[in-house]
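Dropping a structure here in structure tokens format, bear with me for questions.
Labels for the chains are A, B and C, by order of writing; each one numbers its residues from 1.
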Amino acid sequence: MALDDQKGGFKFIGTRPNRPDGLDKVTGRARFGADAHASGMLHAAILRSPHAHARIKKIDTSRAEAAKGVKAIVTRADFTQSLQPAPGMKGENWNILENVMAGDTALYDGHAVAAVAATSALAAKDALKLIEVEYEPLPHVTDVDKAMQADAPVIREGVAAGTVPKGLHPNVAGYHESGHGDVEAGFAEADLVVEDHFVTEATHQGYIEPHACLAQLGADGKGELWCCTQGHWNVQKVCAALLDLETSQLRVTASEIGGGFGGKTAVFIEPVALALSRKANRPVKLVMSRAEVFRATGPTSSTSMDVKIGMKKDGTITAAQGVFRLQGGAFPGAPADMTAMCAFAPYALKNVHQIGYDVMTNRPKQAAYRAPGSPMAAFGVESVIDELCNQLGLDPLDTRLKNASHEGTKASYGPKFQRIGLVETLEAAKAHPHYTAPLKPGQGRGISCGFWFNHGGETAVSLALSEDGTVQLAVGTPDIGGSRASMALMAAEVLGVPYDNIRVIIADTASLGYNEISHGSRVTYASGLATIKAAEDAVKKLCARAAAKWGIPEDAVKWEDGCAVPSGPNAGEFPPMPIAEITRKMGATGGPICGHFEATPEGAGVSFATHIVDSEVDPETGKTSVVRYTVVQDAGKAIHPTYVEGQFQGGAAQGIGWALNEEYIYGEDGRLQNPLFLDYRIPVASDLPMIDTVIVEVPNPGHPYGVRGVGETSICPPLAAIANAVSAAAGVRMRQLPMSPPRILEALEKQAGDG
Amino acid sequence: MSMIHVNTKVNGDEAEFLCDPRETLLDVLRDQLNLTGSKEGCGTGDCGACSVTLDGRLVCSCLVLAVEAEGHEIGTVEGIAEGETLHPLQQKFIEYAALQCGICTPGILVAAKSLLEKNPDPTESEVRYWLAGNLCRCTGYDKIIRAVMDTAKDMREAS
Amino acid sequence: MRYHTPDNFDEASALAAQASGTTRFLAGGTDVLVQLRSDIVTPDDLIDIKHIPGVREITNEDHGGWRIGVAVSGAEMTEHPRLELDWPGVVEAMDLIGSTQVQGRATLVGNLCNGSPAADAVPALAAAGAHVTVVGPNGSREIAVEDVPTGPGKTCLEKGEVISALHLPRRGHAAGDAYLRFIPRTEMDIAVVGAAINLRLDGDTITEARVALGAVAPTVRLVPKAGAALIGSTLDEAALDKLARAARAACNPIDDRRGTIKFRTKVAGVLAQRAAKIAYARAKGDRK
């Protein structure tokens, strides 16, 4: 079938059926990470460092071991001794181990030091208080700029990757530099150059379900693990490495997952539960508290950024330059490269240059958070573009249209763009009534574009037909936001069977080949592509059975509306043979009919969005509210439009929290001051307006139906769009996130003082 | 540690259990009564994922001690549907995709049902403030609010 | 932890007086359970006072004031048909605490005994002139609400003492109260600043005024000078200006994760003015 034929005339794609797991999710019977039980199960708890940075001189577990109900205690000695640190990301498994359980040094407030398994959760927590740890506190640093200064304490020597220029502080673990053209010449051509400094605080993914797992590991090296994760094959691989297991002997099942947003791509507690289970020879359940989630799992990086852009009076950008410093916690891996590469991607630039620094501090290891790095970069870049438009009296949408990247543009990060939909999102934003709606006094409007790469990744899918012609589809990517529905729709489209006849399951690690983590907005793209290919594989086999029955060549049969039919008049005259007629006899006609697909799809297709925001600021208190919000984003092709809208809305809401109220607050002592939802202020229902959405569809040439991932791009524009709206409403440029009321009042007073 | 014997009623059925006085109602619902529909998102009353009713009053079960349940009636998400028939809110949440990951959904359903019993015709603002103690990180609340509003409308029209 | 369910306040008091370790009284539990679960305070003895008769009742007393039982929840106060007509500021202050779920359990007296400088109900109660009855080993005593908290997490209650009821005075005519707080979100936060105003008028002129502020000092505090700024005025610009200045002068806040000294001080004046306008309108008969 030609690619173009598949872009239209869909029967299932684009419809909005109920999700297959809807009933489970509204009745409380869906089983999430903490909902599993096993007979003889122990409960575990983790002891965590109260210090930001401290040498662990001694751990005495003897009193805890003697406590009632305690069955096992583990420390670093109970994990593999064969991993070694290495520069950059080469020692990643060692880094993960070091994060999962501290070695000789506690590197941040909340760093795991020891763990207990006991007969009840209370007994385990009580036993933690009996473990005596002798710490020698060390100097600490939690701020990214301070961590790069000459006098900053060194988190760990020898981490810097080979790409890091000489002479930088040892805390600089990674370095990225890219661009093209001559920025100095470009700035010389400009009528106006704006350069500014921006700061964003670390924010947490804030999934409502804390990390949880149930582990069983025997002395025979065989294990079973149930956990909430965005990637159970990765959990399998990492746990095997940290515990000296054979990968295939550890079977990992992904539970339902209560949100991830990148934060559940990392491994934290699973190896600990397995180590405890091995030692106690009983199943062990380990569930994090909310405070543990905040103190010890991945927030995103905080940043310090400098952005400089030159523009002509007509709005043409002549040059752009950015320096992005990312605080990544006590380990290498902050997405400084992603941040730099995304920063100017929406614009077709002759002269562009970007630098990213990955900087270590005494904070938890940063983890991916929805388009890691891109939202912060957009905050800096799109704020400067807004300022240029203000000063030159230009329309912000027209100016972005004038400079927008399109098919064939050499991207700021190097490659040439294929077919992309930025211009279409800008045009749809311009046509949207929101853009021209009148504002009330005290309100301001902001817009921003955003970009994310999207990702394909290793993917395996298997599909089995039942005798009655119904379908079992096994995918390896956890369903975080309705992906069972989109998979079933794509399978139904190929097979021509009713959507309800398809049962989609998330297979465990023993049932499919390796599936990469659900990240990079890859699920609908990659598992979807694999589902289509697996279904096509099954169709081919169905056609072969029909061909055999009819006694004609296999290529003389085609598949239409769930039936095998002769491919043309020359093939012969046979009535359509429905799927159930073929499957009913499949045992006798060659055996079970299955389809499968395993590959690493490379055509994910980048995605762009444009957001419009109206905000209102109370000048006496600095309180901000978002009064209207519109998301316009290119989805390539929306498989289930309702869930696409949901991704758009969710990204915008998280962006609103990040822009206005969410932040990691560290005290002078280097300890996290707000490890609860009480003071880590994510948006509540009464904080938000309805979030309007416009789905733009510019098909991705790399997917049979044109799908582009939609999950991450939606969080790229909000920080900047809201900052531009708040700056307009308050009448003062806001350069630091979150734009909390004290910061807004401070900025207003400073401006009044300057004026 | 002496355990305390508690008699209570959950979703209309008699239930009894032994608990440590430090255990919360949520602990007992999940770990002893196997009603894992109520979720622990925070343990500090900030997220609402553990919402249940106590004698008809909406509360966080993480902020109620199990021993306090003695002689009282508890309602959980498992008791919302009547037999095979889903509550109109449950039906509407599926239809509107008012959930993505689904972890906050049980608490939101219990809370929304409690709202509609008290106020069958809430404004958008009333729904938003009533549900302010139920955190959802996936949806931006838009589809949740619409589902509650439209369920209220359907229920008013049906009655 | 031992769990007790006394039938009367004397028994509750005796249990607390005899206890050797940490003791907590349990009413709504919205603070006690958080502290228990977060390992901040694990009491040796937890005394649940909800089994004592009358603790869930709101009663109109003979002199026209109100007696509010120690286990009356915020939701029960909001739903009461008459309480809000008399003391809208007290009811709205209580109603601001936490979520709908928390409202199902949290109590006025719990909010008071938690000793938080940021307690929402306490400024409104202090402005209203509320007092509590305390039962102790040496009999009972009455204490003005503003005298109960003595510092963050601390109260003037002695070992063995337990509050048995809260009393709001008779409202009387031409009077109104109001409470406003500042939080970064619309719900679910702890007050960064709170301001309560309670006024009585003679015609358009303010004859009585009590002003109390929350979250700007180690305890909720009454600010007599701020009250004095209003008395004799018709809430004109000059009086509002004096009010804001007196309120700000009374501030002695801290910098923390919720707000800065500068922010709290400035906003205390803003909220005092806004609350005064609402209380004034209510005293004039505006029931919105």
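Everything that follows uses one rule, which is that contacts are C-beta pairs under 8 Å (C-beta built on N, C-alpha and C of every residue); 3 or more make two chains touch, one makes a residue touch a chain.
Everything numeric here is computed off the predicted structure, so don't read it as measured data.
A.B. asks: Linking chains that touch, what shape results: line, ring, star, complete or other?
C.D. replies: The chain contacts form a complete graph, every chain touching every other.
A.B. asks: For the chain pairs A-B and A-C, which is connected through the larger number of C-beta pairs in contact?
C.D. replies: Between the two chain pairs, A-B has more contacting C-beta pairs.
A.B. asks: Let me have the rounded angstrom distance from the C-alpha centre of chain A over to the C-alpha centre of chain B, please.
C.D. replies: Here chain A and chain B have centroids separated by 29 Å.
A.B. asks: Averaging over Cα atoms per chain, report the distance between chain A and chain C in Å.
C.D. replies: The mean C-alpha positions of chain A and chain C differ by 44 Å.
A.B. asks: Which parts of chain A, given as residue numbers and ranges, touch two or more other chains?
C.D. replies: 676-678, 683-684, 686 - these are the residues of chain A that touch more than one other chain.
A.B. asks: Could you check chain B for residues that touch two or more other chains and list them?
C.D. replies: Expected reply: 22, 43-44, 46, 129, 131-134.
A.B. asks: Quick check on chain C: which residues sit in contact with 2+ other chains?
C.D. replies: In chain C, the residues touching two or more other chains are 38, 186-188.
A.B. asks: Taking the complex as given, what residues does chain C use to touch chain B?
C.D. replies: 1-3, 26, 29-30, 33-34, 36-38, 42, 46, 48, 50, 73, 75, 98-102, 104-105, 186-188
A.B. asks: Going by the contact rule set out above, which residues of chain B touch chain C in the complex?
C.D. replies: Interface residues on the chain B side: 4, 21-22, 24, 43-46, 48, 51, 54, 57-60, 62-65, 67-68, 111, 114-115, 129-134.
A.B. asks: Show which residues of chain B lie in contact with chain A when the two form their complex.
C.D. replies: Of all residues in chain B, those touching chain A are 20, 22-23, 27, 30-31, 34-44, 46-47, 49, 76-78, 80-81, 86, 90, 93-97, 99-106, 109, 125, 127-129, 131-146.
A.B. asks: Show which residues of chain A lie in contact with chain B when the two form their complex.
C.D. replies: Where chain A meets chain B, its residues are 16, 18-19, 21-32, 34-35, 37, 120-122, 205-210, 256-261, 287, 289-290, 480-482, 642-643, 645-647, 649-650, 652-654, 676-678, 682-686, 688, 690-691.
A.B. asks: Residue numbers of chain A touching chain C in their complex, please.
C.D. replies: Those residues of chain A that touch chain C are 125, 291, 620-623, 625, 660-661, 665, 673-674, 676-679, 681, 683-684, 686-687, 740-742, 745-746.
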